[in-house]
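Here subunit A shows up in two complexes: once beside subunit B, once beside subunit C.
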Partner chain A sequence: MTAATIIQSLASGLLMGLLYGLIAVGLALIFGLMDVTNFAHGEFLMLAMYGAFFMFAFFAIDPLLAAPLVAAGMFVFGAVIYLLVVRFAMRAKANIGMVQIFTTFGLAILIRGLAQFFFTPDYRSIPTSWLGGKTVSLGGIFLPVPQLVGALISLAAFGALYFFIKKTDFGRALEATREDAGAVALVGIDKNKVFALGWGLGSALVGLAGVVMAMFFYIYPDVGASFALIAYVTVALGGFGSVFGAFAGGIIVGLVEATTALIMPPSLKSVGIYAVYLLVVFIRPRGLFGSI
Partner chain B sequence: MTISRRNVLLGGAASAALLPLAAARAQTSEVVIGVIYPLSGASAQIGVDAQKAFETAADIINKNYDFDLPMAKGEGFSGLGGAKVRLVFADHQADPQKGRAEAERLITQEKVCAIVGSYQSAVAVTVSQICERYQIPFISADNSSPSLHRRGLKFYFRAAPHDEMFSTAMFDFFDAMKKKGQKIETLALFHEDTIFGTDSANAQLKLAADRGYKIVADIKYRANSPSLTAEVQQLKAANADVLMPSSYTTDGILLIKTMGELGYKANAIVAQDAGFSEKALYDAVGDKIPGVISRGSFSLDLAAKRPMVAKINDMYKERSGKDFNDYSSRQFMGLIVMADAINRAKSTDGEKIRDALVATDMPGEVTIMPWKRVKFDEMGQNNDADPVLLQYTGGKFVTVFPPQGAVAEATWPMK
Partner chain C sequence: MDTSFAQRRRRDLIVALVLAAIAAVVPFFVKDVYVQNIMVLTLMYAALSQSWNILGGYCGQISLGHALYFGLGAYVTTILFTKFGVLPWFGMLGGGAISAVIALALGYPTFRLRGHYFVIATIVIAEISYLLFLNWDWAGAALGIDIPVRGDSWAKFQFTRSKLPFYYFALVFCCVAWLVTWWLEDSKWGFWWRAVKDNPDAAESLGVVVFNSKMGAAAVSAFMTAIGGAFYAQFVSYIDPESVMSFHFSLLMALPAVLGGIGTLWGPVLGAVILIPLTELTRSFIGGSGRGVDLILYGAMIVLISLARPEGLIGLFSRRRKEVARS
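And then the complex of A and B:
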């Protein structure tokens, strides 16, 4: 094992980790806000990938340009899903935890089924995007441009989210609702609006991740599943309720995955992720940066 | 109500009217065959395309066509009074447990008399076990794991080649290329971690050892991985003379994309079909791998010798929008072979169909495949199903090996 191999692994792991982080942040945001785990998160990712694909296929819009459009579209989609589906699931009188699990899980199956029906199960990809297939080489270390730009988008999106939560009125309302949804009603904040905003933001973030992925990954109706699983682990590892934790968790997962693949047979590379996850949960059950 | 004479007469007339109908139905009852494929999930497109291949075969069985193909002439099963075939499709979602449950449902609820499947070898394992228990014949139309027919099952049959036969063809090809002066010494295996990839790699490891090739990388990876960076890095470091992937479509696409990203250009790729015989893979990354070679059991080149191949391909293309590939052609033949046996058995009884399958001896010329013939050995394997090697050039596959089937010389190395 040469130094170049190790650096290449860590660099690839970091780029992948930033993307995992971007996928997980939306999940963590919604969970932190209203204690709802969105089991359709992977399907949201898949829809965004198709969004980028169709923009390219029908209007020849490059994924880079499509990113804000898809993110905006996903924002509306997420908010609508909250208002039309999740809001009602939250009104259950008994077993509210189970009801919300089944609601979002059912939503996932429905979206996947509809995607297979309307988009067909064929594998798609965007063959000629501006960045697709380009690679920069630094002293024998190869960094694929789509992932590199994806990492930058991921950092920027996280920075913007952080600023939004800490510095704007909406962000403060978001934080307050998270602290105590009952009390904010007393000061005139509409809980539903804040929740819808949370779903919109969370979906827009995973939407961005989807566009980035569409530049280098294949697209088909089930593509969300494997990424969603990593996102759940990431959120649990980083700490439930912590947006920062989810982002840091993503980077850790990416690095651990790359390192495991270096020292163990590649078919066992996810073992490393789950081992670290178990270790963290064992020592610190609320996750690394968890507040609950 | 009193029973009048008139009522009795009426009832008698009614039953008399119904009688011939009932008798006729008993005679020309339909033949129900279960078809079990992944219709949702990661391999759903394979299942959807397979459905079209089976429908094409059913069409040829049920209607009258002038093809020199068993079951084509005349309508339906002549051995069963012209009964028509009806297919019942089941979705196993690439999950062996779901396959098991669906096979059981097909047999007990849908009353199928035979089952054809299943794309993934891992699913064929469980489905064929259920078939064995209920004594229902099962044909592996397109499963290629060698271990499948070696389990001593009585009701398991495979008309197509298995991976050892395919791999042998690859190594025969390497030997031939070496004789021509090409340098082929080192091989890198890249295979997914279910029964297909594992069996394929085991066959290749053994052949490499027997024939003196050096395996410089043997990488087993997790199917449907989100990233293959680490794997490709190891392949790149090994830089073998030939890269031999055994991957389904999704992993195949990601492999080629990641190779491009990490600046690894393989000297030559000789693939164990699966993803590498799929149009979707070439649509996605075909421009990056001109000259990739995949094994196959079918080639459209054959249409030059057997015109019916082109005609049947057109029928399939009309349904699916695609040409026959390695999979759809084998699926098509799977149903034809099964229907031919049922026809000769003159019965839908599992045991009788099995006896007819055992007695099968179908010359290669009356199939759409480059096979010598279809004749099953005592383990249900057809050893006369000759594989071919196909090279992807100019946007399509041409046969490059064996010499008797080749229409072009192989371009080597591929880049």
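And then the complex of A and C:
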């Protein structure tokens, strides 16, 4: 194992890590806002990948152009899921934690079933996107262009999200609701609207990640499952609810995965991520950046 | 209140006896092998869900990683039998013991985690074990292990000609799981668990040994889950990581309890009786097309029941109980 291979894999790990961060940040946003973990997050990712695929297959729209459309579509989808399903799960009088967990789990199974029904279990890919299959060389390190652009999109999305939360009225309402959902009602903020917005935003972000992934990953109904688990790990590493934590968590996860792949068989590369997760939460039970 | 609790417990026991007696004679009238197969699975999942319910329902620690204990039960029994010739009965107890010890070892760090951190830790631990077994050549890796047929006998726990012995074992397993839960419900642990579930901090301040009671629940739960895994291995006579340790099983163990009623004696039984036949029937009649209709029904049902009946379907029967509580 030469220094070049190590640097090469760490660079790829970093790119993947930024994408993991983008997948996870929506989850972190929703959790921070209302203490709900969306266990259907991976299925949201899968839907966005199909969105990008169908845009390409039917209208020959390249994923790069489809990205804003898919993100907008996922925004609406997320808000609708909140209004139709999650809102009611929040009203449960008994076992509220479990109701929330199993409602979103049920939703995940339902969405996966619908995807199998309508899209068939076949593996699909976008064969000729503008960026597909291209690589660039930076100082002797080869980086695939789709992943590189994906990393840039992730950085831009993190920046935009940060700006949105800090500088806009909606963002401030979001922050306020996250601080104290009961008190914001007193100043005339509709909690439900803010929660729906949070679900919309979170889904739009994972939608963006889905489009990026569709450029270099196979698309099939079960694709979300393993990425969702990585997203939970990412979020938990960063500390639930922390957007910055999801970003940092993503980078850590990407680097750990790349390192594990160097020293263990490829089929075990996720073991490194999971092990690091356990190590971190055992030492800091609320994640790296979570408040204790 | 005390007398009514005691009365309820006595009534539960009588109902259980009657139901077990009915279940024992059902196979004399149902000869169809396909239906018998579903009945075996229903009883097995009722028992597994009952075991899950001890930790997840009574103690409130939602584990979505019980596939680990199920898989361990299956693997320990199978490896002991195929490599060392140890009879499945001993393998079963060995698998149970190993699972209980591992549950205690894992419980030590994980029980400090709260809420979603705990749930995800359980998923992640089971996933790590799944990946390790998938790559472990000595244990058959991804190819799995075929259990060789050595002739039908209770000693070797193999029956190729009839499902009935498996059915009666599953029935006994289900009854034992129910009885253990029934007995624990009224024990010191049972009261501690309810206190831990409702409010761990308050429980701690009242002198409940929160940590130890969680450990106890984990050990009992893992032991019984492993027995189920050992049974399943004998029943299907072939195991691989996918078929005994995948996440799917963790979910299948939790769902009957969730559907029926978490933290109740009858919830897992009711949930399994509804869910398992439904899953099996949809799978063989419409799921065979590979188009996911079974998943659609399954998912929709979970969402609807979680939303409409957070206390589980058993809540439909508990009108009288509420009246008792009110009086």
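The definition used in the following text is that the second predicted complex is superposed on the first by the 289 of 292 C-alpha atoms of A that agree within 3 Å, B and C clash if a C-alpha of one lies under 4 Å from a C-alpha of the other, contacts with A are read in each partner's own complex, and residues count from 1 in each chain.
As a working rule, a contact is a pair of C-beta atoms (placed from the backbone, for glycine too) under 8 Å apart; a residue touches a chain by one contact, two chains touch by 3 or more.
Small disclaimer: the values here were computed from a predicted structure and weren't measured.
Engineer: After the overlay on subunit A, what do you see for subunit B versus subunit C, clash or fit?
Structural biologist: clash
Engineer: One more residue to check, A:Tyr232. First (subunit B), second (subunit C), both or neither?
Structural biologist: second
Engineer: Have a look at where A:Ala157 lands relative to subunit B and subunit C in the superposition and call it first, second, both or neither.
Structural biologist: Neither: A:Ala157 stays clear of subunit B and subunit C.
Engineer: Is it subunit B or subunit C that touches the larger share of residues in subunit A?
Structural biologist: C
Engineer: With the two complexes superposed on chain A, say which partner A:Val85 touches: subunit B (first), subunit C (second), both, or neither.
Structural biologist: It touches subunit C, and subunit B stays clear.
Engineer: Name the contact category of A:Arg286: first (subunit B only), second (subunit C only), both, or neither.
Structural biologist: Only subunit C is touched by A:Arg286; subunit B is not.
Engineer: Return first, second, both or neither, reflecting whether A:Phe216 touches subunit B, subunit C, both chains, or no partner chain.
Structural biologist: first
Engineer: Kindly classify A:Ser12 by the partners it touches after superposition: subunit B alone (first), subunit C alone (second), both, or neither?
Structural biologist: After superposing on A, A:Ser12 lies in contact with subunit B but is clear of subunit C.
Engineer: Looking at A:Phe102 after the superposition, I want to know if it touches subunit B, subunit C, both of them or none. Which is it: first, second, both, neither?
Structural biologist: A:Phe102 contacts subunit C only, not subunit B.
Engineer: Quick check for you: in the superposed arrangement, does A:Thr37 touch first (subunit B), second (subunit C), both or neither?
Structural biologist: A:Thr37 sits against subunit C, while subunit B stays out of touch.
Engineer: Quick check for you: in the superposed arrangement, does A:Ser267 touch first (subunit B), second (subunit C), both or neither?
Structural biologist: both
Engineer: Which of these subunit C stretches, 21-29, 93-101, 183-191 or 237-245, gets into subunit B when the structures are overlaid?
Structural biologist: 237-245
Engineer: Show which residues of subunit A both subunit B and subunit C reach, each in its own complex.
Structural biologist: 112-113, 116, 120-121, 221, 265, 267, 270
Engineer: Report the residues of subunit B in contact with subunit A in the complex, numbered from low to high.
Structural biologist: Residues of subunit B touching subunit A: 40-42, 44-45, 47-48, 193, 219-222, 224-227, 229-231, 233-234, 237, 249-250, 253-254, 257, 260-263, 278, 280-281, 283-285, 287-288.
Engineer: List the residues on subunit A that touch subunit C in their complex, please.
Structural biologist: Against subunit C, the touching part of subunit A is residues 31, 37, 85, 88-89, 92-99, 101-103, 105-117, 120-121, 221, 225, 229, 232-233, 236, 240, 265, 267-268, 270-271, 274-275, 277-278, 281-282, 285-287.
Engineer: Which residues, counting only subunit C, touch subunit A once they are in their complex?
Structural biologist: Where subunit C meets subunit A, its residues are 62, 109, 112-117, 119-121, 123-125, 127-128, 131-132, 134-135, 247, 251, 254-255, 258, 262, 290-303, 306-307, 310-311.
Engineer: Of all residues in subunit A, which touch subunit B in the complex?
Structural biologist: Residue positions touching the partner: 5, 8-9, 12-13, 16, 112-113, 116, 120-125, 127, 133, 135, 137, 142, 144, 147, 216-218, 220-222, 226-227, 230, 257-258, 261-262, 265-267, 269-270.
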